[in-house]
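Chain naming follows the written order as A, B, C and D, and within any one chain the residues start at number 1.
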Amino acid sequence: MAIELVPLCSVHAQLKPPIEVGAGPSGTRLIIEVASARLKGERLAGEMVGTAGGDWVLVGPDGTGTLDVRVAFRTDDGAVVFVQYNGRADVSQGINLPLTVYVAPRFETCDERYLWLNRVQAIGKGTVHEDFSLDYEWYEAR
Amino acid sequence: MAIELVPLCSVHAQLKPPIEVGAGPSGTRLIIEVASARLKGERLAGEMVGTAGGDWVLVGPDGTGTLDVRVAFRTDDGAVVFVQYNGRADVSQGINLPLTVYVAPRFETCDERYLWLNRVQAIGKGTVHEDFSLDYEWYEAR
Amino acid sequence: MAIELVPLCSVHAQLKPPIEVGAGPSGTRLIIEVASARLKGERLAGEMVGTAGGDWVLVGPDGTGTLDVRVAFRTDDGAVVFVQYNGRADVSQGINLPLTVYVAPRFETCDERYLWLNRVQAIGKGTVHEDFSLDYEWYEAR
Amino acid sequence: MAIELVPLCSVHAQLKPPIEVGAGPSGTRLIIEVASARLKGERLAGEMVGTAGGDWVLVGPDGTGTLDVRVAFRTDDGAVVFVQYNGRADVSQGINLPLTVYVAPRFETCDERYLWLNRVQAIGKGTVHEDFSLDYEWYEAR
């Protein structure tokens, strides 16, 4: 039952400066909108569609960052794929860039060619850089 | 223990044409981005901020529409308020406009003047019109 | 577009003493399991089924309580109905019983006789009493 | 930025027969309650507490199973740890046991000795056996 990580795609995104909702009922909320994002891989490649891509991050009083991301993509061969995930980051020393983040993407599509993607639980690791660009590697857990 | 509905605000929004993710793991997903939105009321008035406002709607095989909305606002007096809600619509006869929707908004802010808003469970009723504009009345349950 | 509240049912539940997860990434988590629950109304009446009914409450640093409830019921005429909701409570003065809570239930069932329930966004008001019993009135927003 | 999987714990659980909510607004819902569960590892070991542990599974019309799990544990050294996760399973050929599932657990605790756990995004693979027992291996993504 050993788990195998099969490469799915790399992700390169440009984030916008956060909208600071601040300390509320579930911790400190930042809305980090995605300006652009590209998926690059042999099995999955595409570009963000629309403008409602973002990370509705929560920073807890205990120094844990919880990612809460929704982004839609159009693959290079024309399928619409919605990606949604939570994840964690250690911000116990503050939100200092570059920051390492860990995420667990799930996918939704109706395109026959990508139905396999609906059944994938992915895991990824990424870095948010000083210029608010973001790089990930995503893997399929198998 | 009778419930009282205290007017909170009206909402007027302009929606964009849906991004159709289609029939996936949780039903048929449409992403309906919000182009602009305005809250208007004595206790709460403001304008949408950012571009990551939207409704990640699901249409179930049983003819139920489930709203899943996230939008951030800046009030006219400068507070950032994040609004998030689910809701329901009857689409058993198809998604025909005008469409009546029922929603249950909750709010998050760190602004001292609006902390009362964090504790409100709101309920609202609205109409999505043929031109993809949207009108709501939201009430505080008390 | 005035909203109308149509009585749906009253709820009487007995809660167990909380499991205290404590201050974590999203605030202070309490798990309040439901020992028993009964829905009573002309259109909806039934009894909790199973043991996995509970409220995974979060208490925020700002004094807001956020309810996060899941309970399954069997109606008196044999339909299984799953109820799930968020809600709010003002705990800025601490969690003092009796406590008033506001909730926004949504329902899921496959039973033909209750498909109308899937399309209902409900709103409710309740009281958690000193003996950890709970009384609600739930209404259909129409 | 290569991802490393560091063993976290194995999980052995006994599930109850499902409560079938059936085909509703988000797909076909099964509530699979957890009768007992044990975490076993050098860094994390403990036993399920309470009765409100379960998986509120959805089976989509596309043959994708989506796990939605909440369980609380008490570690052998006395900390309360709440675990919550989504995950995926391929049920396009029906729900046939044994079934392989992939999950992405996140943790919440206030115990000083386990604050590191709050910042972990885990990934796991498991098997649901014919007797409704369940075995997982969980790893920390690092």
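Criterion: a contact is a pair of C-beta atoms (placed from the backbone, for glycine too) under 8 Å apart; a residue touches a chain by one contact, two chains touch by 3 or more.
Predicted model, so just to flag it, every value in this text is computed and none were measured.
Colleague: Counting C-beta pairs in contact, which comes out ahead: A-C or A-B?
Modeller: If we tally the contacting C-beta pairs, A-B comes out ahead.
Colleague: If I average the CA coordinates per chain, which chain comes out farthest from chain C?
Modeller: Following the centroid criterion, the farthest chain would be A.
Colleague: For chain B and chain C, what's the span in angstrom between their mean Cα positions?
Modeller: For chain B versus chain C, the centre distance works out to 21 Å.
Colleague: In whole angstrom, how far does the Cα centroid of chain A sit from the Cα centroid of chain C?
Modeller: Each chain reduced to its C-alpha mean, chain A and chain C end up 32 Å apart.
Colleague: Using the average of all C-alpha atoms in each chain as its centre, how far is it in Å between chain A and chain B?
Modeller: From the centre of chain A to the centre of chain B is 24 Å.
Colleague: Could you list which residues of chain B touch at least two other chains?
Modeller: Within chain B, the residues that touch at least two other chains are 23-26, 60, 62, 64, 66, 88, 110, 118.
Colleague: How about chain D: which of its residues touch chain B in the complex?
Modeller: 23-27, 58, 60-62, 64, 66, 88
Colleague: Using the touch rule from the top, collect the residues of chain A that touch chain B in their complex.
Modeller: Result: residues 16, 19-26, 28-29, 31, 33-34, 49-54, 56, 70, 72, 80-82, 108-111, 118 of chain A touch chain B.
Colleague: Mind pulling up the chain B residues that touch chain C in the complex?
Modeller: Against chain C, chain B makes touches at 1-3, 5, 60, 62-64, 66, 86-90, 92, 102-104, 106, 110, 115, 118-121, 123-127, 135, 137, 139, 141-142.
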